[in-house]
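One chain, chain A, links the two complexes that follow: it is found with chain B in the first and with chain C in the second.
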Partner chain A sequence: MNALPRWLRSARVLMGLTIITTIALIALLAPFIAPHDPNEQNLISTFLPPAWVKGGDTAFPFGTDSLGRCVLSRLIYGARIAMTVAIVASLGAMLIGAVLAHIAGYFGGTLDWLIGRTVDVWMSFPPVILSLILMVGLGIGLRNVILAIVLVDWTRFCRVLRSEVLVVTRRDYVAAARLIGFSHWRTITREVLPATLPLLITLVSLEMGIAVIVEAILSFVGMSVGATTPAWGQMIADARQYIYDSPWSLIFPILMIFVTVLGFNVLGDGLRRTLDVRVTETQRT
Partner chain B sequence: MSLLVANSLTVSATLDGEHVPVIRDLSFSLAPGKVLGLVGESGTGKSMVGRTVAQSFPPGFAVSNGSLSFASADLVTMDTEARRALLGREIAFIPQEPLSALDPVMTIRAQFDEHLARIGVAARDRRERMLELFEAVHLPRGAELLARYPHQLSGGMCQRVLIAFAFASRPKLVIADEPTTALDVTIQARIVRLIAEMQERENTAVMFITHDLRLAAQVCDDILVLYAGRTAEYGSACNVFAAPGHPYTRCLQLANPAMRKRRELYALPERMPGLRAYNAITGCAFAPRCPNAISECTRAPPPLAEIGASHFAACIRAARTADIAAAAVSPTENRAADATILDVSGLTKRFASGGLFRRFELTAVRDVSFTLRECEFVGIVGESGSGKSTLARLIVGLEEPSDGRIAIVGRQMDGSRDAAEHRRRHVQMVFQDPQSALNPRRRVGGIVTQPMEPSGASREDRLARAGLLLSEIGLPPEVAMRYPAQLSGGQRQRVNIARALCAVPRILIADEIVSGLDVSVQAQLLNLLAALRRERQFSMLFISHDLSVVRYLCDRVLVMYRGELVESGPTEQVFATPAHDYTRTLLAAVPPDDPAEVWQALSA
Partner chain C sequence: MTSILPLILRRIVVSVAILFIVSALLFCILRLLPVDPAAMSLPPNATLAEIEAKRHGMGLDQPLFRQYLIWLGQVLHGDFGASIHFRRGVAGLIGATLPATIELAVLAMLIAGTLGIAGGLFLFHVRGSAKEPIADTGSIVLLSLPEFLWGLFFILLFGVALELLPFTGRLSSGFQRPIVTGFLLLDTLLVGRPEMFWDAMKHMILPSLALGIAFSPTLMRVLRSSLIDVYQEDYIHQARLRGLSERRILTRHGLKNGILPTLSLMGVQFGFLFGGTLLIEVIYSYPGLGNLMVDAVRNADLPIIQAVGLTYCVVVLTINTAVDAAYIILNPKLRIA
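So, the complex of A and B:
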């Protein structure tokens, strides 16, 4: 027996975890590592290229934007929004989706039909437009961004998990637990949930990547946290107008989103490969 | 002139960089028109022989020595193209799982057409040939059948279709790998008869791979018994069965419950060594389980010695094999008390199926009434779809009856909470498939004491109880800390039984708990149940499609057919003088204990 659990020995999981932990640390320690206030304007030195390019200034390692704000500092503070949204929104969506999925899959019948049709109707709205409409209704702000993502994306969890719950519920050990005298609650938490948990964890890590993208889209159209809080999508929107004068301030936020989403996806893929019994069982045989 | 000849064939596997011979020094010959049976428990390597013919090995497996020649051409060294030309034409296969061998999205016609095209039947003749073959395998309404998809056919029909496929090219050799294991008893006889018929008509040689020695004795001309990849015994079917030379053959024979005489089952202890242990075996691989073993047995592998007219056995004490015997059992000491513990009357279950507009009802159980007395073992027999599992689920409360009453230990089940609690205290169920019935994420100790969980028993209490239960079912206490995946199939089924016994129920319902297990494991479990019965006071409803098992264990038997109870009575009486036609069919479908006897199902 190895001391490390199987999933921690996977290269994908390790790589994903490294990327995510780094970005999370950057977000946590933003006030200490950012060289400037992210909103501090320096109108004399606008459109500065990164320090290593000719004409760069070492005071602004990644250069400045149209208002002379430090790109690096804005990226660092932007990570805070991205990570908060990624974690809180995906956990929120998971909670609603997983609870409904377990109810639908375990009890079946009318409840299953009702939840299934709700998901169908919900999913027939284009997700980005639905979240935009929600943002218009709710107003901008971090809490509302999270709420909008949760309200749109719980269906993803519900649909995928429901079928898994359905499979597990048909197992004889679930029937055996009922015969032994387990209550429904105990049967779900002790017998069904442990079997669906690997899928749940995998879905959460993939959803985190999706949440980062949705937040970037919302802030790109100015429907996220407001102009005073730096966010990656917003930075892209600002830099878009000066793409020929100063491509750098466009490239950096795009790179950040890319790396973050990649990190979550690699982590999710690694977890799926190591936790999903259907994959690991076939490999063992 | 032999058709298929194996000459000291050795197949090796590479496991963790080590070479392990999966089959060692196998030699046999199969003449045209003859049937060779390969017999052994799962893991003996019997399927590997069939795979060697097709050279389709799992990764890491390869022939490392010897030869296997078909009509004087070596299949091992033959190039792929030449072999491919033989397979499907000269050599055909009948698979174990008929349903998974057919493509579910293609009609029978499309699949048959593909096969006939491959073996070179001209397009305009194909339809006629298909119908001709369907007639040969006794499939009625062949023209309609062609348009069907595999899921619209029963398992038995699918197997017939596959037999038609196999014989389409008039092959010289047919390899049948457990062709009846996945099928009902009643169908087993028909399929076996069909293979025999086709084989006689075309003078085909058949390699019949099976774990059932009794079946092999009926069907085959020669039998080769494999153990841990080596030949244990090889000879004509009559000789091998009548006077087994190897203790393993004898033990297999004694592990199978007899239909005529009731005797104690000989349960082989332990298990066959796993592949990884092969290299460590110095002497006879069977010695650790052998009742006749002496110290000399572990020194060197015993040579295959001739013990009779072309009858070989790999045992240095072959002369003593006949001494192995299982004690005769006095006809079930009738300990059943008079008190009725379970009373079922007029029980009916209908399932609604179909869509929104076309609804129809299916009656799974129709008007079933019977009683179970205290300490009585009652068997329920019938083929799949006869409603026996639904009946079990109704009694334990996993399904609600549409009609009728169930009374358990003097209390009517009326759907109230109290009644459910009462039922839970007195009735427990052992599920068929331990793979699915044991939560893979719980330790064995937690599983067997699961009934104590809702009451919040302490960890110490549970561990103590787990140790007690495990010793009762014959497992060492350290098993409590393992996960089900770390146990063998037989051990898992024991754990499954232990969990049901934890709450000390008065009625145990066992749904096909020994089917799908090797005979030796089956014998261990049946003896365990018989022992538990002596020690504990409980009644059991034992559901099975295997009549010999029911014959061994039960006082009374109920025969179900299409949801109805068609016959019931004391086991001896029902088996000796069956009253209902269906019971007679069921009884005739079991191969007789003595191969010299005529198997009616084959000759009819």
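So, the complex of A and C:
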């Protein structure tokens, strides 16, 4: 066991990784494990409860929705959209946010001021409102959902990382690197980045959870991937209309979103505790 | 006081400057849309020449910057244009819905603040004890439930399963809404109808609770960690050596400094929370800005989207400026600039 790095021995990290790997596998293997086509309608058997409830049908383990579509299959296919958006959008937001944060924190001066004011402008929009407005401007579709989330959430990285970069840049070893003639590029990538990397990784994990929620919100109001692609938020919006007929088809997507976000948050929390040296020194006692 | 005022004034000037940039940004994003506002504001049987005339009348044939100036000039005169879908003035629509959203947000913020401070004190209290991992896990679970999942969950539990509370609209069907100030809770009290106030309150319990709970865990965790930081300071040890009780150390010494980061976070959180009302309003069919916005988005109703987006920003900037000002007054360290 001692051969494993500390972050892999944390119970939180393992739990988070297990949840996320499971959902990622479900998403990848969707065509093989889904019992039905997610868009296949069975108008004779609408609003079926789950199989274990009285009146359920074992052909539809989690029941059916208002159009008789298999809830389980839709959940499985919905994981594809959620995971794609979570991974691509948060890496995109991380890239923009981290680059700008390192530029602002390392060089300071006018560049720092300019980037700081840009973040201020962004922060004056509530994130949900800005992403909705962007979706109106860009139009619906998976690529635009990802683009909208990247354009809204890069500030989360930029704000937090900038102050971290500022602290690291003032350390003596960074000054030493400059003195022995390292270029700015080499100093940032070889000296500053390794010190900010733990925070960066933690933030990415948390951002993935946020991206899942934002995608669900956008598809809930019908501004995400369009009606033919199953998404969790869209399932919630459908089920909300028939809440008295089949509360079950509302509960399942809620649970899926919750478990996914929980997975990312537990992973992020575990990584923060084990990777960040300062946290581990003071808070682990 | 003399040294505080210029700082606050500077903060206000910055906010106004940001607002102008935000309005320009909003204008540009929405001009990306492939719809023609001129064609949409005319009846479908309008001729091409009529549309062209309308385009010219609306200034759509001019460069983007000029168009923005025209729009800004109108907005500064209080003219937000007319809704394409409702065929009503946008200013009136916003005036009718904004109070409802403010009521919801304020109530939710009170709940979030109360829960956040209580939870933070609890997390701080159990630090280092056997209960800590449980409390910690609880706060992560809370953190993973966004407001709209709470909203739906409450509808299922209290609305559908237990049938305890209503979950659509603002008033039961028997009541006639009084209009004095536009704020329903205030109006029902002003016209002396406590039973109607109670009915309106019952409609607001679930939405504001869902929103409040969702925004409390961040406050809890920040209050906890800033209290832990404060308790490392010498003056706390000194207070303890003087023989003060733990309760007195916490309320008179620890919280005084420990609550400052939480207060400033509350400002940021209130901005997020104000955006969060959008989903809650849609879920609870609550007639506020959020429902107006979502309807406008579905109908591609540009004048509304533009004006409502701007309204959200104005509210958020106002809150942030007020919180910063309060922070400057409360935290003497910031007064030297």
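In this text, the second predicted complex is superposed on the first by the 281 of 285 C-alpha atoms of A that agree within 3 Å, B and C clash if a C-alpha of one lies under 4 Å from a C-alpha of the other, contacts with A are read in each partner's own complex, and residues count from 1 in each chain.
Definition applied: a contact is a pair of C-beta atoms (placed from the backbone, for glycine too) under 8 Å apart; a residue touches a chain by one contact, two chains touch by 3 or more.
Every value quoted in this text rests on a predicted model; they were computed, and no experiment measured them.
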Field: Partner chain in contact with A:Val136 - chain B first, chain C second, else both or neither
entry: second
Query raised in the report: Which of the two partners, first being chain B and second being chain C, lies in contact with A:Leu250: first, second, both, or neither?
Result: second
TODO: With the two complexes superposed on chain A, say which partner A:Pro194 touches: chain B (first), chain C (second), both, or neither.
DONE: first
(message) Per the contact definition in the header, classify A:Leu179: touching chain B only (first), chain C only (second), both, or neither.
(response) first
_Once chain A of both complexes is superposed, is A:Arg171 in touch with chain B (first), chain C (second), both, or neither?_
first
Chain A contact check, chain B vs chain C, more residues touched by chain C
* First, second, both or neither for A:Pro127, with chain B first and chain C second -> second
After superposition on chain A, the chain A residues reached by both chain B and chain C are none
Note: in the complex, chain A contacts chain C through residues 117, 120-121, 123-129, 132-139, 209, 213, 216-217, 220-223, 236, 240, 243-244, 247, 250-251, 254, 257-258, 261-262, 265-266, 269
Chain A residues touching chain B in their complex are 171-173, 175-183, 186, 190-191, 194-195, 277
In the complex, chain B touches chain A at residues 396-398, 421, 424, 428-429, 431-433, 436-441, 450-451, 453-454, 499, 503
In the complex, the residues of chain C that touch chain A are 14, 18-19, 21-22, 25-26, 29-30, 32-34, 140-141, 143-146, 148-149, 152-153, 155-156, 159-161, 268, 271-272, 274-276, 278-279, 282-283, 293-294, 297-298, 300, 305, 309, 312-313, 316-317, 320
